């Protein structure tokens, strides 16, 4: 489980930590049994970094993300944002959901303008702003379409545009490309990096795909299966962008990580 | 690796919370119903509401117990009324089941049958069964046959519609699989189509029973000398609110009992679904 | 019949003749039954009676007047049922506390069939319009509440999460998410309520009224004017179908994002 490359707890680097998770645990109760989803996880997220949370399917990464956003309460442990304790839902945090979460009764434009509507921004201004983000994700021309008329990739882009439109300080993305076919997935990965480069934010990206993690992340935190704990931290800042799936250094890192993952599904 | 004691504590705390929540729900429900009953009783006791207009809960319960032996005001004791209504509901329902279930299934499966019988069915469907009562009375007189017929109509429609829809929704994958096994159309109908249709068909039966029970009460008000509908109508004619409310409660209880029983039967029959 | 025969054009034509055959069969059976029975009027009788009806009104009210009388009662009762039922259903669907307190009371009243309220309502409100509206109200409020409640409960959690994450207040969540999401369930409830309302209106009119289609039926059967009865039934059927179509159309307009399932 331990190697000389990674450590269990990250030592904070200089510069502020945007987000800190301290000794987080989450337990779910069923009728006669209970399940420890997350066990004593601690990690830091630096400002404006693209952090990837990698782990096998259903290990608890989504649960962790939901706790960070405030949708779920932890059983024990705390979340600090900008060094202040975070309780409940924080609207400084944008969320791109796994199962799309795009509202089917609203057009693309209304979906992207939704956060603004909640903040009572007048209609004209909302639509102007929404248009900017719709263009950003490349959905120009589809403003009035309804989600059921869009492909999976397009729906996911609406979700991203919407999350960006709420001008979050932290962007959480929960396996956003999981439902897409391989081709769309690759192009969406480039898209998200492009958008991130234009609008630098702190991003926490959850995935179970090792290649995707190495392609996207500044740092990767590797998780075990349930009960989820931190298995390792990988610093990829020396891997230059844009990254290449076939680059030898890329493949080395990928191999190292895959040797450490929990390949057994419990 | 973590702190086992701490986790145990957390789990225990969460369980406590869950239990508390469930108890809270039940307690609130009980408080709510008791408050309602007490409020009702007080309204009557203090004469805030005229006793010609509302009977208190105590009077209603009294009426029920009295009716068990007292034939006034409608001429039958309680159990006679209950049985009269129950008998009619059952006859009508089972006839509709025997006729409607196969009909709906066949119509849904075989296009020729659908094309042939649909127009007639669509003509009958929009008519509320109540509207049939006068004609039925003229043709069949005021009697058991007429009333069973009306119940038949009421229950027939939902059963046919639901079994039709149910069998139409059969998963094509299963049908294709059966075809590859070399089954004839009839065999596929029996082994794949009918079981698939059962959940919706049962839903239709529950609706049918509910509607049928309600229509029966109305039919008894219009053309009967026994039964629960007749009983509450007589209650009204003699100004006996307690009988009216008592009757309504009994009607409600029995209706509830019928649908609950049907649902239990459905769960038994559909046990295979879990496999 | 093998697949090849099934696909042939001839088979398709034969198939489409069947409905026509069945209607003709039905009409001729009717004709036969009326000739032999002596009581049942022939289709021609009904047609003639309809013609007379347009000239000479029943109880001094024209056909249109009767239709409107029934419709008016249905609409008023339905409106009352929705105005009370929809907010109530939303309340108990959304708020757990309210649900705990109010749902048991609702469940107490629910098993009582709408028509069983007739004696009570006529005792309380007499036999005028008020009692009819009250009756229809009782009948419509049940399906509306049940369907609204179910609609709210079935909202996918993710839609509510989306609203939370972007900072919606509870009121905003209800306005922007709960109501649009449960709209189609509410419409289903209104459709069912419409059917129930129609049944109640007829029953109420048959028992005590001076106008309306139910009244026409009773009047017709009182004086053994069966063609009138049958004609009234036909009108009722037609109106019922039209109303149902209007509601389906309304649902499609209100919920354009729903994919049609054929």
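A, B and C are the chain letters, set down in written order, and residue numbers restart from 1 in every chain.
Please note the rule applied: a contact is a pair of C-beta atoms (placed from the backbone, for glycine too) under 8 Å apart; a residue touches a chain by one contact, two chains touch by 3 or more.
Quick caveat: nothing in here was measured; it's all calculated off a predicted structure.
Chain centres here are C-alpha means, and the one lying farthest from subunit B is A.
Of all chain pairs, the one linked by the most C-beta contacts is B-C. Between the CA-based centres of subunit B and subunit C the separation comes to 18 Å, rounded to the whole angstrom.
Separation between the centroids of subunit A and subunit B, computed from CA atoms only, is 50 Å. Within the complex formed with subunit A, the subunit C residues making contact are 158-159, 161-168, 172, 176-177, 180-181, 183, 255-257, 259.
In the complex of the two chains, the subunit B residues touching subunit C come out as 24-25, 28-33, 36, 53, 111-112, 115-120, 123, 126-135, 137-139, 210, 213-215, 217-218, 221-222, 229, 232-233, 235-236, 239, 241, 244-245, 247-249, 251-253, 255-256, 259. Interface of subunit A with subunit B (complex): residues 25, 27, 29, 34, 36, 39-40, 75-76, 227, 229.
Contacts from subunit A toward subunit C in the complex involve residues 69-71, 89, 91, 93-95, 97, 99, 101, 103-106, 114-115, 117-119, 146-148, 166.
By the touch criterion given at the top, residues 15-16, 18-19, 21-23, 26, 39-40, 96-97, 100-105, 108-120, 122-124, 195, 198-199, 202-203, 206-207, 214, 217-218, 220-221, 224, 226, 229-230, 232-233, 236-238, 240-241, 244 of subunit C touch subunit B in their complex.
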